[in-house]
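Just so it is clear, A, B, C and D label the chains in written order, and each chain counts residues from 1 on its own.
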Amino acid sequence: MNKTRLEAFSDGVFAIVITLLVLNIHVPDGRTFSLQNLRPLAPPIGTFVLSFIMVGVYWVAHHHMLHFIKQVNRRLLWLNLLVLLCVVFIPFPASLLGTGFSNPLVVRLYGLTLIATNAAGLVFWLYAVAHPDLLMSQVTRDFARLVVKVHSAPMFGYALAVALAGWSTTVSLIIYAAVPLFFILPNPLLERRIGTATRIEAEVPE
Amino acid sequence: MNKTRLEAFSDGVFAIVITLLVLNIHVPDGRTFSLQNLRPLAPPIGTFVLSFIMVGVYWVAHHHMLHFIKQVNRRLLWLNLLVLLCVVFIPFPASLLGTGFSNPLVVRLYGLTLIATNAAGLVFWLYAVAHPDLLMSQVTRDFARLVVKVHSAPMFGYALAVALAGWSTTVSLIIYAAVPLFFILPNPLLERRIGTATRIEAEVPE
Amino acid sequence: MNKTRLEAFSDGVFAIVITLLVLNIHVPDGRTFSLQNLRPLAPPIGTFVLSFIMVGVYWVAHHHMLHFIKQVNRRLLWLNLLVLLCVVFIPFPASLLGTGFSNPLVVRLYGLTLIATNAAGLVFWLYAVAHPDLLMSQVTRDFARLVVKVHSAPMFGYALAVALAGWSTTVSLIIYAAVPLFFILPNPLLERRIGTATRIEAEVPE
Amino acid sequence: MNKTRLEAFSDGVFAIVITLLVLNIHVPDGRTFSLQNLRPLAPPIGTFVLSFIMVGVYWVAHHHMLHFIKQVNRRLLWLNLLVLLCVVFIPFPASLLGTGFSNPLVVRLYGLTLIATNAAGLVFWLYAVAHPDLLMSQVTRDFARLVVKVHSAPMFGYALAVALAGWSTTVSLIIYAAVPLFFILPNPLLERRIGTATRIEAEVPE
């Protein structure tokens, strides 16, 4: 299996998932639609934006990882499909969450799906790191460990949100939203660490 | 992040959004379907055609901008995802508009989404222009300013339509339809100005 | 606009349309599903297969035409989007047809969409032929005329089917199915004519 | 028709089909959702996972075959579309199966679709093998036969499951799940045989 092919297929899946999310916003009747109808739209639209960002973060992370993969063998191919299986599943808990923010079980299901997706990404990376012939030679042990940390850290955030959902679903949702922002917004802590990665990246022939 | 990858992913998203629009046309029962059933199909089919053109214009504009981008950094990547977030949202107000043309609020929501999409594209371009290392060297100050104008002008058109919706939704819809036609139909005003851009483009190595 | 980009975007749209067609098959309840439920599935499944073949034929024809295009200008780009607009619309009349084969109006709407799609393809080709700088130099006048004929011929078939729908929808549907088969099945008449095209194609650098 | 184009289009179709599968999971109301609602979700989610794996296996198999194709002619192109027709149809029997695991007819329909997909892939390969000018020169008779076996073997498994569905749908479903696992999990029998293929693959210029 060609690496380029794997990337193109994965890109297609990410693009479709990120676009399908909008179908979860149930369309009210436009003839009787009034400002009062905007309020019940808050959960589905909020979930849409949150999930769009999540899938976006996963897409960026996926490419970042694949950038350092030199070759794909049969098992790595299936581990990649495991990651995609989790990503493709996201619209379901997202759709459920869009029907209401107050049910702890629904909020937990959303978080558990995120944890599963991060875990699948982690397994993918750990397998690659354990098989140096699949990796670009520039990947140092330190860098490999940094990627492990970057993929593991959100899982703790999501696990905390899952645990707190019974107490306050609002707090859980804030945690879900805060975790990806940590990766998106300018962030001195991350920037310094990613600095190393970028330096490596610059040396990798495209 | 590779520029080619970003383009491929964005292309995928645009292709899916433009295709999903047809799902907003609610399918009547074919067994009892008569010429009288064609009339209520006018709003959803009209909205489909209008939104198809809109997404088409955004796709063309997106490529035009990316053509002059040399390199994509982490922030530009996320600004691109912000543009895509707006584009992906379009099927929702489109679907709402398809249920009836007479509700000012619905007509306004459609226009506000268009304004948001143009604004996101503008922020993307302004960020790129402020970071000359991300731009092709052929991009002159004049050309950068022309792109800003081309992206800003439609926003005024849409804002006017939003303002007029309370008075006549028909006028608003005509404005929505007229704005993209300005970019599609042969247009001496635009042609002369784009002439400069094309001259630049010709010098850009593919 | 790069030709490769146009092809990739168009391919994406074709791929999504051809896949969405299956969503038109309404899923019955699997718990009470019996052999008697298979009969009402005939129209939606038949329409799915027919429309899949149609979109497949359009996809092949689209590539065949683009193969002889050297360069894409602004207008050709929009004529291509006009073709895609027709293709993207196909799931709607297909969905309508899937609810029953006996309504002449529904059968006619399907045929009219096909005629519109062929007409759009024809306009695309005629524009390209009228601008020799957009065409590969190998395209002779004879070959250009052959493509015009190949795109026009089905329109007469579909028009006949639309005219006959009031008399017998079954005959119309047989015509719809027969036209693409003419292009797919081994066909000495077409093969001889396409022979010329293939000879040209072989000389075109990929 | 360019081989790369065919692959890109097929990849797009596979990516969309594998993503659409999640839409078959009917979303319950999130406000009243409780642990008791998880049980009825087992069939749709189980079918989603099973079908995701199936489409994944077909995607991998498709690429493996195309890897050894040098050139695509008109008929091979349509045989490829026949394969895609079967793959695109999968969401329908999958959706039906998702409404309940206990109906033998529904379980059989799922298996028949899988058999049809494998059969279409087999016809594709047999046609290619019968036209050596379409094949990479490295493809030996032994290797061609191995591919035939690998594509035929699952059909017997699925046929057995179809036959046993009247007696126990659970056994049928276990067989459906076991067949792809044979290809995914580490498997000394397959590994040794594929060894030959991989050696060939290594010599094929990308």
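Keep this in mind: a residue touches a chain if its C-beta (ideal position, glycine included) is under 8 Å from a C-beta of that chain, and two chains touch if they have at least 3 such contacts.
Owing to the predicted nature of the structure, the values given are computational and were not obtained by experimental measurement.
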Interface residue overlap between copies subunit A and subunit B, same or different (over half shared): different
Rotational angle, Cα trace of subunit C fitted to subunit D, multiple of 5°: 90
Chain centre separation (subunit A, subunit B; CA means) in Å: 27
Cα-centroid distance, subunit A relative to subunit C, in whole angstrom: 38
For subunit D, residues contacting two or more additional chains: 8, 12, 16, 20, 23
In the complex, subunit B residues that touch subunit C: 7-8, 11-12, 14-16, 18-23, 25, 27-31, 33-35, 45, 48-49, 52-53, 56, 59-60, 63, 184, 186, 206
List of subunit A residues in touch with subunit D within their complex: 1-2, 5, 8-9, 12-13, 16-17, 20, 23-24, 75, 77-78, 81, 84-85, 88-89, 91-92, 95-100, 102-103, 105-106
